[in-house]
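Chain nomenclature is as follows: A, B, C and D, assigned in order of appearance, with residue numbering initiated at 1 for each chain independently.
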Amino acid sequence: MSQNKPSATLLVSCPDNKGLVAAIANFLMTYNANIMHADQHQDESENLFLMRIQWELEGFTLPMESFEAAFAPIATLHNMKWHTSLSTQKPKMAIFVSKYEHCLVDLLHRWRIGELGCDIPLVISNHEDCRRIVEFNGIPFHVVPVTKENKAEAEAEQWRLLQEAGTDFIVLARYMQVLSEKFVERYPDRVINIHHSFLPAFDGAKPYHRAFARGVKLIGATSHYVTQELDEGPIIEQEVTRISHRDNVEDLVQKGRDLEKVVLSRAVRWHIDNRVLSYSNKTVVFD
Amino acid sequence: MSQNKPSATLLVSCPDNKGLVAAIANFLMTYNANIMHADQHQDESENLFLMRIQWELEGFTLPMESFEAAFAPIATLHNMKWHTSLSTQKPKMAIFVSKYEHCLVDLLHRWRIGELGCDIPLVISNHEDCRRIVEFNGIPFHVVPVTKENKAEAEAEQWRLLQEAGTDFIVLARYMQVLSEKFVERYPDRVINIHHSFLPAFDGAKPYHRAFARGVKLIGATSHYVTQELDEGPIIEQEVTRISHRDNVEDLVQKGRDLEKVVLSRAVRWHIDNRVLSYSNKTVVFD
Amino acid sequence: MSQNKPSATLLVSCPDNKGLVAAIANFLMTYNANIMHADQHQDESENLFLMRIQWELEGFTLPMESFEAAFAPIATLHNMKWHTSLSTQKPKMAIFVSKYEHCLVDLLHRWRIGELGCDIPLVISNHEDCRRIVEFNGIPFHVVPVTKENKAEAEAEQWRLLQEAGTDFIVLARYMQVLSEKFVERYPDRVINIHHSFLPAFDGAKPYHRAFARGVKLIGATSHYVTQELDEGPIIEQEVTRISHRDNVEDLVQKGRDLEKVVLSRAVRWHIDNRVLSYSNKTVVFD
Amino acid sequence: MSQNKPSATLLVSCPDNKGLVAAIANFLMTYNANIMHADQHQDESENLFLMRIQWELEGFTLPMESFEAAFAPIATLHNMKWHTSLSTQKPKMAIFVSKYEHCLVDLLHRWRIGELGCDIPLVISNHEDCRRIVEFNGIPFHVVPVTKENKAEAEAEQWRLLQEAGTDFIVLARYMQVLSEKFVERYPDRVINIHHSFLPAFDGAKPYHRAFARGVKLIGATSHYVTQELDEGPIIEQEVTRISHRDNVEDLVQKGRDLEKVVLSRAVRWHIDNRVLSYSNKTVVFD
């Protein structure tokens, strides 16, 4: 998984066809690429080919600024959707948070000790609560209050801050506001949310209370890309933990926090490592 | 868990009150009971007291046939729902099955090697398929075909067979017919079903197909008592396993079989060991 | 699990005998105790009786300062080892840490949001590294350098600091020094360590490297009470996570951090809640 | 995972080098292969390249009987260890068992319902116990008693039976005899064992008793290839389950059976699907 040498990663999806692996491998070989890792998947039900291939930049004779031009003919021929990323170029992650700080604190700590290969130019909240811990980490903290009335203006202000910071993707670390369709459209597959249930069970409000009322024996957490439909986006990761009749709602909330932290941080790491491809409201996570 | 000495088990639920533990412990001490295990639970939200207490029959000076009369005053005073069971008296379990044999085979094997402290007087199916393996285990196999038209007669015949065999409880080992309300009412908390999803997600038909379509990262199985509402009864046990984009629907079905076997067999064992108390559509499973 | 009302908890272990549950329940009833939770266990192989019983302080007519005198006759009669704790009296936890901060940060965060019902009067380290995050949490941070030469003096200084702070128990949050037998003897079952392997596998040094070399498919973490024998003390909690051939040693270390945090924090919470009884180098954890 | 179309699978390991993916992909493309799945791995610490590639036989213009000759130049050039398998050619699996039948019964059932794509020409045991269930499945059952005295002759007889049946690999389904080095040498990476502990913990005899004595909170099972060193071979799969102070040794044995069945059957399935590559006493399991 972790790769220390400078590397490039190519993510590709296209209609399945013969010779795709060879075509891509040959293209890279032409420029003397040393392939560190390659993984592919066919979705038979969709006749879709998906591939992730990672190679060392050292010794690669094609300058990455020329990659698009050089790869375009193959991409066009096979009708590929594709993009590349460089291990040397950290994506910029913005974090949205409300009052619950556990996911935020967890992400900031992972970032501080080098678990997350990204920059965090800013944290946006609709409350003051998390300012101290964010600024302790040397990250600008912006409060943008949100009400029914000012939602449009608030999102405009958030948008301005995100643009200013050159944000690549957004993590909703228990952010308790629903983003507008208009806002979400601007970040396709680039807004990661954590929902505190095992989706599709208990989507929407108060999942722990409903899990308690239903008497389930396991509770879960789900990280997914945000789409127009609330809690309906492509699932990136899920995890569960056991509960018993001894656990009341507070216990579920406490046990759930551990799930939320682990599940969200995995999804964020995989997104940063360019391992996640989404299609027909599902994800492929290349490991 | 396993207790080899002959023992009696008392399951109690009643409105919570002071002195309940002492009252029950004193009653048993009066008759020189050697308590092997006692466990209790309070549900604050329901102000309910629930207890399971198990003691050795050896040295217990109250004949069990007189237990009811002797315990009645305490039970009445505290408005208890209660029942007892004896490790020396194996409950009679009937198994319903259709064509999928994995849960049936698993239960029969566990029974054969002594994992399940019950008798199995009969297996009822709406198909011939499982006859050979059932009869290999020396258990009578009855085929009762079920159609929309003959459902009432079929259930009458099933009922007759169950009565004849002195059935205490029923296990639906992937039995693909829905039992009528009338039938279910006859076995309150005594019909155990296995549903091949992590309820409440994907209740109803084709859960594996729907899990695949939704792109979940874990699939589950749920064992519950059957009530009037399909897949809505009190959950006894649940378990999940990880899947990935590499798994197609067939893979989910195959991985799911292992979940179904383990989850159903646990629920059955706990029911046999008199560990399960159900209330307000939930269960307490005393471990 | 979580209990908000002021309560007292009694932990008892003694030779198994008839009437123990009744004796304790009656004693409490005499003083009008409202029992919130009672759990007991018999270890047949050791003929040992163990019990945890928790009751509300409100309405309990025996002042807790008189509890010992009042309970002594029963305790003596049955040769009990016992102690009580009050939910209103937070134990004082000292944390030892070296350079790895993940367990420390995790514990401090859980403490800050109220997951851990203890006070943290001080953190002791043999390095400066963690000062900032500790002081951010408003907790005194003491550096006591340890070398082969000064070990005795260092422990004397640590001991002085712990005494001064009225420490009840110690958590070794990846503290990389071995405590002397003399030091450990002072805190029987009151020093909690986290070891980064699934004990007894890979005890001692560099467990992740050895797990990688052996090619195991799961890695683990273990929290235990510290005894004279390194990594041989009574195990409080363990957890594992899956790894694959794709994971190198760094990946194991990263995945392991999540295990260490969860396992250590559970052990600490259970210890604080007075749920852990240790005997013959094992623990009973009452849930 | 499951692939229904007739396919060929190539497993390769060789010193890592540039152009290996392209070389293999091009070779297959030359013969119009439709690649269904390709996965590769580099072990940096060993500078090793490992690949599994699977393609449809339909439309593949190179007759498989000519594959070796055609592929040899590439294999030689890159110093490859390699072999192919065909989904149309079921490997022959022999099962060794003693008295515990749970793993045997589980494997036979999975085989009967089509989970395992192999033939089972025979079962060999040192006891009569399992004859009935084996013959119920229509499989020849051979008893070869083993004693200290006759071990050599017994293994000679086993060897004769295995040869006669054209056995490809052997599964030790809780076979309680240690195979001689001479015997093992004949089946490198082709004898799969199940050990009832989380190796390397509790290798050797009575692991459940030792796990109970140590007071671990999880027990495990491990499936591995058999080598000269007892319980030291390359690990294919491991799994664990939670236990508590309430579980006595019998409970561990019962819970362990479920682990043993699942872990062994996974290892067997992966071996049959040609997913397992072993090197330096580890395995890569391509998923």
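Here, a contact is a pair of C-beta atoms (placed from the backbone, for glycine too) under 8 Å apart; a residue touches a chain by one contact, two chains touch by 3 or more.
These are the chains along with the protein names UniProt gives them: A, B, C, D = Formyltetrahydrofolate deformylase.
Since the model is a prediction, treat every value here as computed from it, not as a measurement.
To reach chain C from chain B by way of touching chains, what is the minimum number of steps?
1
For the two copies chain A and chain B, what is the rotation angle that overlays their Cα atoms, in steps of 5 degrees?
The superposition gives an angle of 180 degrees.
Return the chain pair with more inter-chain C-beta contacts, choosing between A-C and A-D.
More C-beta contacts join the chains of A-D.
Give the label of the chain whose average Cα location is farthest from that of chain A.
Ranked by distance of C-alpha centres from chain A, the top chain is B.
Do chain C and chain D face each other with the same patch, meaning over half of the contact numbers show up on both, or with different patches?
Since more than half of the residue numbers are used by both chains, the interface counts as same.
Using mean C-alpha positions as chain centres, tell me how far chain C is from chain D in Å, no decimals.
For chain C versus chain D, the centre distance works out to 42 Å.
What is the distance in Å between the mean C-alpha positions of chain A and chain D?
Here chain A and chain D have centroids separated by 37 Å.
Multi-chain contacts only, two chains or more: what residues does chain C have there?
41, 244, 246, 248, 287
With touch defined as at the start, can you tell me which chain A residues reach chain D in the complex?
18-22, 25-26, 28-29, 32-42, 242
List the residues on chain B that touch chain A in their complex, please.
Where chain B meets chain A, its residues are 41, 43-45, 198-202, 214-218, 220, 234-240, 244-246, 248, 281-285, 287.
Where on chain C is chain A touching in the complex?
1-2, 101-102, 105, 109, 113, 115, 133, 136, 244, 246-248, 250-251, 254, 258, 262, 287
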